[in-house]
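Take a look at these structures.
Each of the next two complexes has subunit A plus one more chain, namely subunit B in the first and subunit C in the second.
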Partner chain A sequence: MMKYEIKKTFRAKEVIVWLILFPIIMGTLYKFTLGNIFSGNQFSAVRLAVVQNTDDGMFRNIMDNMEKTDPPYVKLTYCSSEEEALSLLYKNDVTGVVVIDPAPETGEKKEDAFDLDTVDTQAILDQYLSTGTVNAFDDQGANDFLTKYLDGDENGYVKDYLANFTGGEFFPKTHITLKLRKNGMDETMAKKMVMMYINMQNQVREMMDFTHMTAESGDMISKAMNGQDNIVEPLQLTTGNTDPFSSYMYNLIAMVAIFGSLVGVGIAQTHQADMSPEGARRSCSSLPKSISILACFFSYCISMAICVSICITFLTLVLGVDFGSRLPLVYLSGICGGIMGVAMGFFLGCVGKMSPGARSGFVMALNMTLCFLSGYIVMGIKGILEHNAPIVNDLNPAAIICDSFYYLNMDAGLERFIGQLLKMGIYTAIFVILGFILTRRKKYASL
Partner chain B sequence: MQVFKLFFLIARSKIGIGILYLVIFLAICFPMVHSSNQQVDFEETRLNIHVDDQDQSEASRLFAEELAKKHGIVKLENNRETIMDALYYQIIDYALVINPGYGNNLANLSEEAAPQSLFATFHLNDSYKTAMMDLYLKDYVRNVRLEIAMGKNLPDAIAGAEAMLSTKVDVEMVSPPEDDFRNEGFTDKFATFFRMLCYVLIAVIPNVLAPVMLAMNGEDQKKRIACSRVSTSSYLFQLFAASAVLTVLIWAVFMIGGMFLYGGIYQGINCWLAVLNSFVFAIVSVMFTIFLCSFRMGNTAIGMISQIVGIGMSFLSGAFIPQSMLNASVLNVAKILPGYWYVRAVDILSGAQEGIMGDFWVCIGVQAGFFAIFLAITIILRSHHPKRKRVKAQATAKA
Partner chain C sequence: MENTVVKIENLVKNYAELRALDHLNLEIKEKEVFGLLGPNGSGKTTTISCLLSLLSYDEGNIELFGKPMTPVSYDLKARIGIIPQNVAVFDVLNVYENVDNFCAMYISDKAKRKKYVDEAIEFVGLNDFTKFRPKKLSGGLLRRLNIACGIAHKPDLIILDEPTVAVDPQSRNKILEGIVELNKQGATIIYTTHYMEEVEQICSRIMIMDRGKKIAEGTTDELKKTIKNTETIYAEMADPGHVILQKMKHLPNVMDAVWSDGKLAVSCAGGKQNILDVMSIVRDEGLSFGRVYSELPTLNDVFLTITGKELRDKNERQEETPVRKK
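The block that comes next holds the complex of A and B.
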């Protein structure tokens, strides 16, 4: 009987399409469209067009250094006019346009320690570059401060700036405008870059206002300006495959497993006399209904195991999806999910009275909803539910199957994976028991 | 009106699936669209950050407060599994640990303190978000230390740094001159609703319309109608009218649902152009359904095909993932699908893609072209149907 049921399963077009062809088509499509998409989310240099209406060389110097970092933070295109820069923005060649204008005159005059407007900055620079010291000020502390600061190991951008300084105002006051087309991550990064530059400009000005300069404070300022390389220590959470693309593949296998319910519905339909002629024939046969149902259930489970295995094998061997190092457990999890799907179908097939077409439509809609909620179409949905209604993820059979793959891939241990397997087992047992209860002892006055 | 009535009698029994899709669809779209805003001013991207303060000093508290002003703070259990899950499912973008000794090390500019890290971070992949946070942390520490180097005490240095980091950047939102027709009523966030319609229309319309059409084409119905007083032309007219009314009803329900999400009647020409675009796509979906029905498949088969085509086309066309994120080869393939042109039109209207009014009408035109192609193929298929040929051959033989 089991052999007959297995043969019957694979003769059904729905099974071939939904459980074998559909995952192959969707897997290929996912790989084709989403395979490289998440690498595009990795940080790449923010593209900015710069229109410089002043002789402020500091911007170019600092940003040029940021362009040389690995990976570079910015990629600059210098334009001669705002129109040229805006045309690049409208063609999406750049994320934003930075316009540097002279700052409007405020009439205020601050007493700077170096009094930048009166000191001959060209002479200071020539002196520093030729002798390695600064002796331009009456105050020796100020001379030592500037020498020590310029000597700082990592003040490369300042030295570059000094080397390229061609006269004019040392740190001209500027007004920077950032022109953007839309909101977004790139645009926020562009704003951060400009903000960082304005901060650095302000810091330099603040330094110039600092009147208690000594050689020691010059050294400290140099360290403060440059010593942030080690402040953030990245920690590794997992050795598993962290590519978000995997989530779609977990969902695809979960969908195949849950679609086992389309097969499982057949158990109820072929064992209830009022649902199908086959059910009527079985009802009057001498074979006990429980044995017949169990035989049917196990044969469908075997069919599902074959379908899920085909799906996992295709994804792994043909599409090269990385499920981590514990592939046999991936098969185990998928097969358990498939069995749970069949059990769910058995239960749903016994609930209420519906025509076979309506029931299969209902099961299909339910399956699609469960798969959608586990992130089959929109990946972020599972996170939103986890944050706002975690109970949905805990109860959703598709999410349980997905999580089992996720835990297998990401966790070092197997505790959480085993937990998901237990959940699948409990669900299977509940569905089968309820199915048996709903199908037993039914008598029909007329068919 | 008998045929018309019969059509809706059958349709009534199949409408459940349509309502189910509508409810699910609106429920999904609501959180996505609800936060829709007018894009007049630049809005910085805020990250969701989990902060684990292991220092519990005044300095770390002030830093956490400053961070909370700029980003959303998400409280999670301090264990690696919870943090990993939250990162993977994008509940948080960044997990930050303020290391023990942060307060002391922040103010310490000595050589010995230099190699000690102030923060530890957890993230699964390098992204814009992690780069942005790293930049912010370095900027913050640099500012605090600079203030300290200039002789301030730690609380004053932190206050000074916070003031420095609050620097306002003059941001101006610009748009191309040819975008003058664009108004602010159709935001990119609200466009999500119309993008997702690409999947919903192609999934709902065949699932609702095809069973009705197949039932109408069934032998029993045909024979009953054939022996009634209804003429063939009247039958066809009523059938088309009923199909059109049903389609418009389905489409109108989605449009009204969209208004609930929008918060009232659509404002501005772009919203109405998006409505027009969706109507054209609904018509293409109807023609696709009629095309499928020409193959004389069963309900289940049509349901399967519409799901596969719906999901597949939506992925390829950028309904679920923005077209800007798809690579060129995928987009080239997608151009042979009506969904691509539908989504592109929505993107042009929302400003997510480069394009002017002319480009929008090109998209509408291409969709109309797909309608014409489906119509032409359907006519060819129906006129060469094997059953009809056989009947004709039998009639000729009899004659």
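The block that comes next holds the complex of A and C.
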């Protein structure tokens, strides 16, 4: 009998449409419409032409390192003249042109503690690498400064710089100009990079003022050069996946799970004599109704598990959605949600008396409402309800499925996720018990 | 002595203000083909639903095979096959799967079930349609599938609730022949219909119902004997006029004489030469006539005599269209 119940499920149009085709079509549409919007994380290198009218070793050193990252942040083309660089810009071969000129003379020259013309930078570096400290200067503060400076050089920028230093000011004061042709994502990135360097250069030069030079300032400069010392420390909200595209796909799976109610309605309809001729025939059979209902329920749960698995597998293997290392838990949560959907449908199928078409319409409308309130359709609704009427989210089965995926996505631990699974189990039990109570009527007042 | 299969005593069922069954009594013996005849709304289906413990009732007792019938009388239910008025099959399963699915509610042994299902399909003549889904079947074939689903488990009592509604004559005959065959194989049959000719054709005993009450019960002959009308003479002719009709009414054995729709109808009670008497008046008055024929009384005449109304509308069968209530 279970065999035929499963067969019936997969031959029903509404199941094929809502539980199989719908997620495949919606997932594909999400992929092609939203996938590119959220692909901002896939950074493409900003192409810059560089004209060095004066030598700025630090700039070259930092930019060269940014070019060596994987993926590279910038792709540099060094040009001998500004005209050559601009011709590349006009041919769209580069996004912008960086021109490095000597800084205009202010007439006031600050005494620099690190006039490295007087010392051998390679020897300082060798000394540091062999002993872990710098002892090249008479001034202990300067030695401590450089030691700290090198200690914090995680990316090796300073070591590279010292190794390749050919003389002159340790941090030459330069005037940097960025020339762009248009506005755009790459142009904005180019502006940010150059501004970052200019700010850093000014910051470092201020800190390198000999009179303020301490070991701590060396540490700070190193951090600044490594991009670690931000004025505002970013707060780590989650260790999970914050990719909005994945969130949409989680919502899609949750939607499929709650649509299990469309399948569950069939349990009530085909077991009650006053709802369908098939129900009347079943009620006349020698098979106890409770056994028949349970067999039907388990069959539909299997069907739902298959539908949800098809959906998740399609999203993962065909559309390449990355659910991370918790993929088995995604399956688990989806299947549990699907079972709860079937149980909810069973309960809804038992409530009141209406035609099969009207009941399907009612269940569909209710599903859509629950999904809307859970933020499947318009993101943000759930948050508003959580703030103003949290009881709605607590009672909404769709929100429970939604939350399970949310916690799975965002939390490092599984405590809240397991809590949601338990809630699903409780809801499933409640719906099934209520369904049994409503269908256990032995006789009907009218057929 | 034959055992009593169904026993209904003083059954009362009310739908709000409407009394659907009014102290109904009924007893059906083993291997009978029992016809439950009545116009639409007379309470036939309600009686069947109460019998099967699907409907609650207000008063009375129901026993099947000598035991009280309750919703949990699974031993009794195993001996019953129901062919409901509305076709009760699953559209998404094919013919074989439907029969097997319903048979599985009674028979768990797979090999035995396969044999029974094959026999049921063979019995209703759907061998060539086993892979067809119900929507691809004609009204008659669909009704046959409905029957196959109800009889596959070889029940002792088969209840057929208007199984020939909206069925073409060929399929109807096939169904009726099948019912007789099931009875020959040992099944007791309860057959509800408002088609008197079907009841006359297959039923060994008949109960006529109207407004929830039993108005007559017996064999066809017994029922016909309850009315005085033994013969009705028909003559196709123009309106003979009031005077001639009165003359005919005064003939010996003539109970009534009416003219309508180009046809004279003279009802007679007893007598052997009624047609000659009637035609002599026609000849004497110089009336021209077409076809002349005589008919024996039908159950409709019985119903008409008892209730004063027709069992069903004349054009009812032609107007019916296949309906599947889901």
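Criterion: the second predicted complex is superposed on the first by the 250 of 447 C-alpha atoms of A that agree within 3 Å, B and C clash if a C-alpha of one lies under 4 Å from a C-alpha of the other, contacts with A are read in each partner's own complex, and residues count from 1 in each chain.
We take it that a residue touches a chain if its C-beta (ideal position, glycine included) is under 8 Å from a C-beta of that chain, and two chains touch if they have at least 3 such contacts.
All values derive from a computational prediction rather than experimental measurement.
*Asks:* So, does A:M354 touch the first partner subunit B, the second partner subunit C, both, or neither?
*Replies:* neither
*Asks:* Using the touch definition from the top, say if A:I430 reaches subunit B (first), subunit C (second), both or neither.
*Replies:* After superposition on chain A, A:I430 lies in contact with neither partner.
*Asks:* On subunit A, which partner's contacts cover more residues, subunit B's or subunit C's?
*Replies:* Partner with more touched residues of subunit A: B.
*Asks:* Determine, under the contact definition given at the top, whether A:L395 touches first (subunit B), second (subunit C), both, or neither.
*Replies:* So A:L395 meets neither subunit B nor subunit C here.
*Asks:* Under the stated touch criterion, which partner chain does A:K7 make contact with: subunit B (first), subunit C (second), both, or neither?
*Replies:* second
*Asks:* Regarding the shared-chain residue A:A295, is it in contact with subunit B (first), subunit C (second), both, or neither?
*Replies:* neither
*Asks:* Just to be sure I follow: which residues of subunit A are touched by subunit B in one complex and then by subunit C in the other one?
*Replies:* On subunit A, no residue contacts both subunit B in one structure and subunit C in the other.
*Asks:* For the complex, which residues does subunit A have touching subunit B?
*Replies:* These residues of subunit A touch subunit B: 13-14, 17-18, 22, 25-26, 29-30, 32-34, 36-38, 40-43, 73, 86, 89-92, 97, 175-189, 191-192, 194-196, 198-199, 202-203, 206-207, 210, 212, 217, 220-221, 223-225, 227-228, 230-235, 237-238, 242-244, 247, 357, 360-361, 364-365, 368-369, 372, 377-384, 386-387, 406, 410-411, 416.
*Asks:* Show me the residue ranges of subunit C that touch subunit A in the complex, using the header's touch definition.
*Replies:* So the residues of subunit C touching subunit A come out as 15, 49, 52-56, 70-72, 74-75, 77-78, 80, 82, 84, 86-90, 92-93, 97, 100-102, 104-106, 149-150, 325-326.
*Asks:* Applying the document's contact rule, which stretches of subunit A touch subunit C when the two form their complex?
*Replies:* 1, 4, 7-8, 11-12, 273, 276-278, 280-288, 292, 356, 442-447
*Asks:* Residues of subunit B touching subunit A in their complex?
*Replies:* That would be residues 16-17, 20, 24, 28, 31, 39, 42-45, 80-81, 83-91, 97, 99, 109, 114-132, 134-139, 141-143, 145-146, 148-151, 164-165, 167, 169-176, 188, 199, 299-301, 303-304, 307-308, 311-312, 314-316, 320-321, 325-327, 330, 351-352, 354 of subunit B.
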